[in-house]
Amino acid sequence: MIAQVAAPSVYWTAIGPELAMGIGAALVLLLDVQFKPATKVLGRFVFFVLLVALGLTFAQHLAVDDIMARGTGDPAFLERFVPFSGMIVLDRAAVFARFVIVVVTALGVASGWKLFESLGRRAAETLALILLAATGFSLMAASLHLVMMFLGLEIGSIALYVLAGVTRERADSDEAAIKYFLLGSVASAVFIYGVSLVYAGTGQLGLGDVRGYLAGVVLTKPAVVLIGMMLITVGLAFKVSAAPFHSWAPDVYQGAPAGIVGFMASVAKVGGFAALIRVLLTAFPQFTDDWKPIIAGLAAVSMVVGAVVAVVQDDVRRMLAYSGVAHAGFILTGLMAGAAGASVIWFYLAVYTVQLVGAFGVVAAVSGAAGSRSDISAFAGLARRSPHLAVTFAVLLVGMSGLPVTSGFIAKFGVFQVAWIAGYQWLVIVALLASVVAFFFYLRVIVRMFMDDGESVELETPPLSIRSVLVGTALFTILVGVLPGPLLDLAREIIPI
Amino acid sequence: MTQYLWLIIALPLAGALFLHFFGRRVGEPRAGWLATFAIGGSFAVALAAAVPFFTGEAIHGEHLTLWDWMPAVGATLEIQWDALSALMTLVVTGVGTLIHVFAIGYMHGDPRFSRFFTYLNLFAASMLVLVLAGNFAMLFMGWELVGLCSFLLISFWQHKPSAAAAGKKAFVVNRIGDIGFVIALMLIFANFGTLSFEGVFERAAEVLSGPEAVAIGLLLLVGAAGKSAQVPLYVWLPDAMEGPTPVSALIHAATMVTAGVYLVSRSAAIFELAPAAGMTVATVGAITALWAASIAIAQTDIKRVLAYSTISQLGYMFLAAGLGGYVAAIFHLMTHAFFKALLFLGSGSVIHGMHEEQDMRRMGGLLKKMPVTAATMAVGTLAIAGFPGLAGFWSKDEILGVAFERGGFATVLWIAGLLTAMITAFYMTRQFVLVFLGKPRWSEGVEPHESPRVMTIPLVVLAALSVVGGLVNTPIRFGLEHFLEPAFEGIKLAHPPEGWLMFAILAGLSVLAGLAGIAIGYLVYSRPQEQWERFEGGFGKLWGLWERAYDVDDVYGKTIVSPGRKVAEVAAFKVDLPIIDGAVNGVGKAVALVGESTRRIQTGFVRSYGVLFVSGLVVVVIWILTVGA
Amino acid sequence: MVEGILFVVLAATSLGGAMTVVMARNPIHAAMGLLGTLFSLAVIYIINLAHLVAAVQIIVYAGAVMTLFLFVIMMIGVDKTEDTSETIPRQRLFIGILGLALLALGGALAIGDRFAWTPGTVRTEPVEGTIEILADRLFTEWLLPFESTALLLTIAAAGAIALAFFSRDGRVEK
Amino acid sequence: MLTWLVLSPLLAALVVAFLPTRRRELVLPVGILLSVVPLTLAGVVFYEFETAEAGFQFVQQAGWYRPWGIAWHLGVDGISLGLVALTTVLIPISLAASTKIERRLKEFVIFVLVLEAGVLGTFLALDLFLFFVFFEVILIPMYFIIGIWGSERRVYAALKFFLYTAFGSALMLGAIIALAIAHARQVGFLTFAYPDLLNVELTQTAGRWMFAAFALAFSIKVPLFPLHTWLPDAHVEAPTAGSVLLAGVLLKLGTYGLLRFNLTLFPQAAVDAVPIMATIAVVGVVYGAVVAIVQPDLKKLVAYSSVSHLGFIVLGTFALTSAGLQGAVIQNINHGLTTGALFLLVGMIYERRHTKKISDFGGLAKPMPIFAGLFLFATFASIGLPALAGFVGEFLVLIGSFPTLPVHAVIATSGVVLAAIYLLWAYERVFTGVPDREENKVLKDLGARELGLMAPLVILIFLLGLYPNILLDRTSASTEAILDRIEASSDFEVPAAGRLAGLFVAGDEGAGE
Amino acid sequence: MTVTAGWYMTLGAALFSIGLIGILVRRNALIMFMCVELMLNAVNLSFVAGGRAWGSIQGQVSVFFVLVVAAAEVVVGLAIIVAIFRKRTSANVDLLAELKG
């Protein structure tokens, strides 16, 4: 006897961008096998795919508006709002995350252009993996289900492990890949073990269901759930490189190919934070008082360690990695505000990831797309050798440091503000002091670029794609810094369910 | 006439400005004449404006408000024109004009001839601001501006390091006195809410308590002591002789140094309420008079003798003013202006004739070579020595009379004054004899000659004034007193004892003292050099002490300047750099150090990363189980 | 009672296997230990009526995955026994502390009786995990995760090529 | 109007940026010419300013991001007016003083113009968020100006300047957020508008903490002892224009902030903090002066003199009397002019001799009489000679501080003497005597361009010294309003002598005639 | 003595801990990787046990996905190890410590 399986209805819009990118990845591989096209062609195709994904994301944006406008009264509400039996959710956060991921991916592909050309035949796999990683993290950001979240996490992460080691000819790349892989696997295992504990403790896997269960009972001994929650948090904290779970980041940022490190770091952060917000705010609001101090502690440690250790780095990429740790701390600070923090976190993520990709674009242009060492001395006198690179890098660094008239300042300000309201004044003060320390290492690079004459090696002009990435990210940084309204409004609508 | 009063200040100021920008083009000697006309013009205006005071038409002062300056402290730029300021103006502009004329000759050939007259005019303007001010703030402005001009003129020969240092010293010491002045102003403002003379003096009696008045009075004394070179702030004045001689005459004899006396007299209303402060002023004055006179005895530099003599005479003025004898003080101020200007210009003429020689031991026998100078100097010497009938006699006598009349402690002051009178007569005679009489002791190649007319005429005029200047306020005709009385409305003025007998006794005593001094001086110094040198040696170490001015500069150097310097060095190089800046840089270094040690956790071994990760995990889990739930 | 005895036995074997993985000097031994654990767990799954899971555990894990492991072990060299002395300073110390902390944590939880985490509704009878039930879930409720695994497999394939595609002479394919 | 005032330097920077690279000689003239635009605008504002009006004028407001309550909100009152004017005056001068800059001239001009925009924005901002934005933005161009065009240890100095001041302002940002949130909790809506935030009622603790955070930021900027050590380094290393702007304008941000924000936003805390702040200020007055005496480097000497002089401003600020506040306001301007002039002059001699060490000079009055004269002028202006600008400020501060802070005021007077000592001693060593070094004998005196640079400063120093009312008229209403506010919202009563309503009115009448 | 889900959960926790410690102890990448597999197996056990406690099938479904992920990880992980081994003829991760600080 064969049981009849009822075909479920599928709301395609909800996974439009993922479909586009997933199919795109498959097509890249197939095209490569079939036609062996030039890398340039493949790259353009990827851009096309991303353009489609962007369009579909926009469609999702409209759809969310529509869903919200119709409200719960709509008979199809659940089917459209939490499609696929509640595995994912089509809310503003998910759409915003996709916007960020798609854009960051496009920027990453553009700044990795030289890398792909140097990879020869492996370019196709690399491009496909980039698309797949993006797909995974955007699924992760949209998921409303712990196992779905794990799958998205793994799709993205495994693709990133490979990308870290894609330039095999260099030892650093191997080292980065194995370190990333081993630690990443442990973190994933910790995450999914946490999921299993939560499941064991509540009998639920859907985030909303977990919350529903916890809201309905009074647990006197919630040890298993609490441990599970914390393990999930740790797994995600690893992904966003929050201290003390950050040790992989500097090595991977340094060892992985410069062209795509920015992309790798950015999408992992977006996916990780999206999941973290969802897990903590959607599934465990009951335990807010329990996790808040811990997140605050992680945030403080991240900011301090990131800033202080970045001060003594001589390699720009390691410096950016540690600054990324500090940034993770800043973003976590926003979580102190609970639901009110979600929008500022998303704003922060949007501006920071764009800056990060742009900054690594510069690093790639200066130290070579496949290169792994980018000692700060390589930047000496950059202002004279390549003023445009220097200026854009300076803008991006200033943006990351959070000085006014850049998007970074608005982002930090927003985070601090909500955290202060939430009563975490001490954390804000730590954050402020950490950002002062952070000024030092950003300025140090600027010093070398502008105030040091350095060797007079002429740089070859970076290709158009990288140049447009740099100009775009720098302009974005300033534009959002001056007129943050539209982006803030977009992020402000994000309210965790 | 009131509306033209501003011209008094404006004329020399305009002269200064014009000469500043175009002086070089105007050239010598026209620049000098221009400056002279500027100040002469303001003398004329002042004279015209002062007519009502002479005639007795105007009794009260008049005001001319120029414009608001600092309304928050009630300070406007205003001219107060009363008898006191009128008299001061006349002295300043009158003597000033003569000195200008003299300087045309004296500064002949100096490459910065026009610049010199710029400064002279500027000085005149500043001094006029001081005496014409209608409030303390503006007075302070003039006060400081004359300090500036004094600085500029003392260090006029900038290439001489000693001149530059002397200028700086003058300004700084004056500034130290200014601390007192400024604090006094603060007190005044805090009590009255204004700094205008009117507002302060009219309400002084009702507002000030005794101690407050004493405090203000003493603080004003500090300021006045700085400017008028009283003990202990007189040290700048002898050094100020580094400037060109007309400067010494104008600033350091006739005008600027009297500003302190003027200030005390102007603030009579406050000292009236503070007898203790007044007595302090008088005591300081007496001490200064004696102290400086004793130093003057042993000086060999022709100008230094005069410098210490000036300090001494200023002491007289303080003595009088402190005891309430404001008229006597101002009277002496005026006569002193005449004869001291005369003496300085005379000495300038000598120096000029002796090719910049200032050491009296290398002079002698100049009477024949410089008859006019010698004659006028003789008049000046007699006047300052208190020779009966001459200007100094009348004014000094009045001061001593005031002191005697007060009695009590003031009697001690009177004795000091009398002693000073004798010493003064002695050292002035010594000076005259050493310079003009006896045999020439000139250095080789020196050809003394009489100065040109442009220099001698002012001498003659001043000599004439030194003779007759005292007659304005003889006991027979208290002209000056009547003239000044309106300015001291409501103030009890101190007078010498009444009656001819007392006058005769007191005058007799002082004349006796003066004549004794003259006699000793003449008898000692008209003999050959070996003999007066033996006389000087007879004083033993004391003479050397006088010669070195009691080593006060050294003492100040050792007790204030060097320790101050050391403090500054310690602050700058032992505190500021290593400690304060070190702390700042230390924070930076500490951050880097923490960073360096923290980065060691990042060993590069993936397994130690694992340990870190698991540690974090365990901590977090334990935390949530213990703290969390 | 039977379940109790089985549990003890299986727990012993699985933990023994796990310890072997951690302690064995020779990778082959470690692999065998892992295999032991996998089999023990498969039996536990059967006890818990998770039939399909047990089957998949044997077929996929013990079968395919372990084969892959062994293959790589062969490639790297079987005969190499590892030097297990520690080279990273203080690594052992930290591990010891961490191990003790974990033990203490478990002990504390046990003493505090905090393993009884579920409210009164705990059932002891397991749900039967038949192919039908699981398939029904996989193709309806879990459709999206199920399809997403396609992406994982694609990544695995593409990643393996990207990482391990060497040309004959051992040099990197350009 | 004010918007254009802030934007015009930015537009000018844009124009300069797009000048053709080949026409290098155009950069500086165009920059100077364009910097006259803000000067003109500021002049118009100054002229049209209503003197009797205490509130903000020329207010412009536009929402920036309403949900956060931040806005583009500009306005000028008596306290900021003078500083705005000073800034616009100093910028063209410092640009024109930069003819000797060879490298990256264009960037230099751009940075100076951006700096101007930032400074103007800081002075004009009425929204605390906007204020902070401008306050921080200034760091960037100044950082580059010191770091690129400075002398040997420029990088060290630039970093120190940046980090030190950024450290202070970081905590201030926290306080700004806290204040806005306190307002939101009390009044119900989030805003950073300064006029709205005045209505916040703070607990004693909160008020003190916020006061401390603001005060720290501004004290570092001023800089007050013992937070001053970045200043000598920055000054010594900065190029002439940098030093002029640093001393003339940037330091004023600190004193301005204390006056504008610390006194009014936290009146009670400010009153409570008077002993501390005044003591620090006075210690700075004496300490800066003492340390200045033995400095071997001219620029360092002037830098420490700034520490001393700015102590006066802070003393006047916290004297909480009419005269004290007016003195503080006008001393801001005076110090900008006189120290600006001193730095210009040091820059001129540095261009000739490439050294700033006092011991390398001597007897310069002989070859360079005009220069010596101007230096002496600036020296005396700095010493506080009456009839020059410096006096009015110092005198008002001293006289004004006495009623409330007698001991402090008395000690501060010693700063006046010390100023004479260190500056005149420096003058003596540099200019007097006979030039003993060959290279000193052949120095050229100032040319027409350099005289032209100094002329406006000299004129302004005289003007403010003799007729300070041109400024005081415009400030008095605002300073009185500050005192009103402090009296209304704290337990402090300005003593009779410190609050001269009567005289103030009389002064007004005088002005009306 | 009734065996409850808790027993299995405890066993899972023990296995997970052993795996976790194993990662830290071993330096052979391959064995570290086996430890990861051990941890994932512990997860699976927890899922099954949890499902038993709640009478829910979801746990067993989840095990499938963990399995798939494990398989994919194995492929990629072994590829990385192989790639490294090719160049260094060693799977000792302690030799890979160039990036640090």
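Letters A, B, C, D and E name the chains as they come in the text, with residue numbers starting at 1 for each one.
The definition used in the following text is that a contact is a pair of C-beta atoms (placed from the backbone, for glycine too) under 8 Å apart; a residue touches a chain by one contact, two chains touch by 3 or more.
Everything numeric here is computed off the predicted structure, so don't read it as measured data.
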Report summary line: Contact steps required, at the very least, to link chain B with chain C come to 1
**Report entry** Of all other chains, the one whose Cα centre sits farthest from chain C
**Finding:** B
Query - Central subunit by CA centre of mass proxy - result: D
Report task. Average the CA atoms of each chain to get its centre, and name the chain whose centre is farthest from that of chain E. Result -> B
Query raised in the report: If you average the CA atoms of chain A and of chain E, how far apart do the two points sit, in angstrom?
Result: 25
Report task. Averaging only over C-alpha atoms, locate the centres of chain C and chain D and give their separation in whole Å. Result -> 69
Query - CA centroid of chain C to CA centroid of chain E, Å - result: 5
Query raised in the report: Between chain A and chain D, what's the gap in Å when you average each chain's C-alpha atoms?
Result: 44
Report summary line: Two or more other chains are touched by the chain E residues 5, 9, 19-20, 23-25, 27, 33, 44, 49, 51, 53-54, 56, 58, 61, 65, 69, 72, 76, 79-81, 83, 93-94, 96-101
Report summary line: By the touch definition above, chain B meets two or more other chains at residues 588, 599, 602-608, 610-611, 614-615, 621, 625
**Report entry** Contacts with 2+ other chains: residues of chain A
**Finding:** 147, 151, 154, 158, 161-162, 165, 168, 177-179, 182, 186, 190, 200-201, 203, 222-224, 250-251, 313, 440
**Report entry** Chain pairs that touch, as defined at the top of this document
**Finding:** A-B, A-C, A-D, A-E, B-C, B-D, B-E, C-E
Report summary line: chain A partner, complex, touching residues on chain D are 64-65, 67-68, 129, 132-134, 136-137, 139-140, 143-144, 147-148, 154-155, 158-159, 162-163, 166-167, 170-171, 173-174, 177-178, 180-181, 184
Query - Of all residues in chain A, those that touch chain B in their complex - result: 178-179, 182-183, 186-187, 190, 222-223, 226-227, 229-231, 233-234, 238, 243-245, 247-248, 250-251, 287, 289-291, 293-294, 297-298, 305, 308-313, 437, 440
Report task. Enumerate the contact residues on chain C facing chain E in the complex. Result -> 1, 3-4, 7, 11, 14-15, 18-19, 21-22, 24, 27, 30-31, 34, 37-38, 41, 44-45, 48, 50, 52-53, 56-57, 60-61, 64-65, 68-69, 72-73, 75-76, 82, 87-88, 91, 94-95, 98-99, 102, 106, 115-118, 122-127, 129, 133-134, 137-138, 142, 145, 149, 152-153, 155-157, 159-160, 163-164, 166, 170
Query raised in the report: Can you name the residues of chain B that touch chain E in the complex?
Result: 599, 602-607, 610-611, 614
Query raised in the report: Which residues, counting only chain B, touch chain C once they are in their complex?
Result: 603, 605, 607-608, 611, 614-615, 618, 621-622, 625
